[in-house]
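These are the structures, in structure tokens.
Both of the next two complexes hold subunit A, though its partner changes from subunit B to subunit C.
== the complex of A and B ==
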């Protein structure tokens, strides 16, 4: 077993990982060929054809870009809010004691649960979607920032004090970098839930506005579901959502050692 | 020695520190009635068994802890908090893990008050100077976790010196080093402290160690503490000539002084080992003075 360490070359492992999905795809395709022509059931080749159509003329990439743009803006807002508030809460007992009950009572409320209010306040366009994404991404950032800040080695703060470093500088130069590994972890989680939330929000907003309004990949899926019942297109959207989620995760894995090079 | 009427650099007057346990509220007397005058330019070593409150005394001088009663004055002014005039070298170095060796050396200069008198270019030159001085060249771009214990200690020492403090407070700074490196750094430390310079040019140094030989080698005076609670048991003048070199260790007076200090802490050291306060085994007379207290 090599103690669980796989020493075989990369391509060989990749081939092993791809074997089962390939078998399933082929089985699925063979089964689909037995269906009567004109059946709406999705099949690999039909999905592929739908994907090509959607990408070339169907505006799939535009919709993805729109969703991704919303996620990035909402994520950025959550990052700023979560880090600022997290550092304050983490470094001041008084702030923490005051804000903790509010944070903890909102945190269990799922992003989708605030959708009705978001739509009432912000309508069915981008502002609503941004509100949902920001709300969803905010808590992982906040909670992990607070955790990271409270766990910064106290000796380091003391050392900075003996070097005549001001309180504000200590927050920026010691507390923030000390909490950074935790903040990065929180950001990765936040980005994951933000992407999940935007799809759901666009689907729901799309439903509310009767297929118009919001735009984005979620709304596109809703249109295929409600108006053309195009299962192949829906599967294409699902795959794209998954691919983007995977890419986001990979991006963070790539970024992590670069953001926190002192961690191994 | 020094003019006894001159104002001491540091004056500890009846310093007592009690710690209160956070939950139980139980009080522990850490140090009691410490009285000590330290003159400018003196090198003081504090030795004593573990738990004698050596670090507590150092922290109070650093301003990181307040005495429960009594006072600590620097140049006649009470110490109210930490400041860059009193540099600390912590036992576990307290290096910023996210900064390279060089950035750690420059931390105070770049972000704290010690950098104020310098232009940015002068700061960088000063950082390089101290990186060189402690022998960190070639390792300056490494992170602390990539450095050995000895190298980390050099970083901490360079950082302490780069900040140019008036008083050097060092908590077992050479404790984690192998014997050879330790001997080399002791001589380095004396050189940097200003052993060859006039007394007025020297910094004031307070150095905690549990190594008696190290204390005798470095100090002008050795403060011997006893534990439970920490008290000053004796203060010994180390009347060995300066500058000191390796050969001083074979000086008969060196052995006498080390023996004297060992006599003072031997009983407590044995008690600490046996873990009992009343049935301490009689220490064998052959116990060597090179034994340490913790």
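== the complex of A and C ==
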């Protein structure tokens, strides 16, 4: 239960934490060594070798940069759309009544479900990927903005009105700061799903356009799967996807108290 | 923090018709009618039925898919995969979550591994899983189990951790055995949080199934939308997308109802 706070020294905790991953890695390596030579099965040491190759000569970092660039553009678009619409829906009952049923019916539609439509509309290049990222990131931003705006203390708004503050000023100085914690939370969630969506979009666009160039880390994984059958490289890409996801999450958690210092 | 009660459309007054105009279903109906109207205007303006068919054509396509039973068939396949995957994820994650929640040692050993794997999204497993399992039933189920596993595990752990130690102490004082403690104290106390985890897992799995079926399955809703896109039968693409939303919504309603039935003591605790 909650009564035993871990008082053991740091190194002991680190050692216990590393034990299971190490055992699994060694088992994996031994298993891979027992396979006949020429087997495509990935092994830790070969993955490491593939990682060095991909980073130095294989364009892994370029692919990552391309995917991240798409995520950032799509995320920025979703942020603008989500906040504008969210503030409108949060502050006006009429807008909320009319849009809420539509938003709620689109929300359970997975980003990947609109991929076929995105391909019909924008082809198999970057615009399709951007559309999917924007769609994926839009809902967390919107829902959290609406939630944040409706939770702003009404007394603050009334006080500002009493003092004759203009509507625009109230929006910028009262409503937005009040809703900011919620918006930042929505942005972190949005960035997480956007990163997942870009991998899915690049993978699927790659798969469905016969490897036609859309680039990015997802496309790279698909090429390793379908053309060069290099499982070690695929594992390297998977690890990189995880590392980037972790970094994005950490970045937002680091930013959070700096963006909203008044919320502890 | 409302200081005054403002009735929606209060200026309309009362009476049967007026009352109807304030109902939720009427507001939804009005919203959807407006949406369909905008859609239609956009369709006329865009003038490319391959990209955007008219809403009437989509409804007709939906009707024919229902009439031929094709829609039901794909929806059933996807839902079966989803339920199988959720079942497996629950069977794996709930016991592990209880163990990690109760034992600091188990947590110290297992948690780092979980935290290493968790950032790798289920989608990123697709190419490797495609190689291992091939195109078929196993691939989408594997991806969904992976995706659903983490929210259930995290919530089970959190649920076990936040159990009031006084409850356990009280049970121990009364000489309750380990088994009874687990069944009558720990499980009921953690269940509301576990159910929230299951709903999160469902939402994540439902988003992942589309991607998994789109790339690596010969059937299911995700497969169907991509299949009809390749055939350029756009109204059917839109109809299937609609159905993905509807089935997702219905499943969430079902899970909410299950939550209500299984953990009636969690009502009004903010976990609903």
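The definition used in the following text is that the second predicted complex is superposed on the first by the 248 of 264 C-alpha atoms of A that agree within 3 Å, B and C clash if a C-alpha of one lies under 4 Å from a C-alpha of the other, contacts with A are read in each partner's own complex, and residues count from 1 in each chain.
In the analysis below, contacts are C-beta pairs under 8 Å (C-beta built on N, C-alpha and C of every residue); 3 or more make two chains touch, one makes a residue touch a chain.
It should be emphasised that the depicted structure is a prediction, and the values quoted were computed from it without experimental measurement.
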{"item": "Simultaneous placement of subunit C and subunit B on subunit A, clash or fit", "value": "fit"}
{"item": "First, second, both or neither for A:158, with subunit B first and subunit C second", "value": "both"}
{"item": "Subunit B versus subunit C as contact partner of A:196, first or second or both or neither", "value": "second"}
{"item": "Which superposed partner A:173 touches (first subunit B, second subunit C, both, neither)", "value": "first"}
{"item": "First, second, both or neither for A:13, with subunit B first and subunit C second", "value": "second"}
{"item": "Touched partner set for A:34, first subunit B, second subunit C, both or neither", "value": "neither"}
{"item": "Partner chain in contact with A:245 - subunit B first, subunit C second, else both or neither", "value": "second"}
{"item": "Partner chain in contact with A:24 - subunit B first, subunit C second, else both or neither", "value": "second"}
{"item": "Residue contacts with subunit A in the superposition, subunit B compared against subunit C", "value": "C"}
{"item": "Which superposed partner A:97 touches (first subunit B, second subunit C, both, neither)", "value": "second"}
{"item": "Shortest CA-CA distance in Å separating subunit B from subunit C in the superposed model", "value": "5"}
{"item": "Common interface positions of subunit A, toward subunit B and toward subunit C", "value": "153, 155, 158"}
{"item": "Residue ranges of subunit B in contact with subunit A within the complex", "value": "62-64, 81-84, 86-88, 90, 92, 94, 96-99, 107-108, 111-114, 143-145, 159, 163"}
{"item": "Residues of subunit A that touch subunit C when the two form their complex", "value": "1-4, 6, 13, 16-21, 24, 40, 93, 97-102, 105-106, 108-117, 119-121, 153-155, 158, 195-196, 199-200, 203-204, 207-208, 221-222, 224-225, 229, 231, 234-235, 237-239, 241-243, 245-246, 249"}
{"item": "Subunit A partner contacts - residues on subunit C that touch it in the complex", "value": "1-3, 6, 8, 27-28, 30-32, 34-35, 50-51, 102, 104-105, 108-113, 116-117, 119-128, 130-131, 161, 163, 165, 168, 203, 206-211, 214-215, 221-222, 225-226, 228-230, 234, 237-238, 241, 244-245, 248-249, 252"}
{"item": "Of all residues in subunit A, those that touch subunit B in their complex", "value": "153, 155-156, 158-166, 169, 173-174, 177-178, 180, 260-262, 264"}
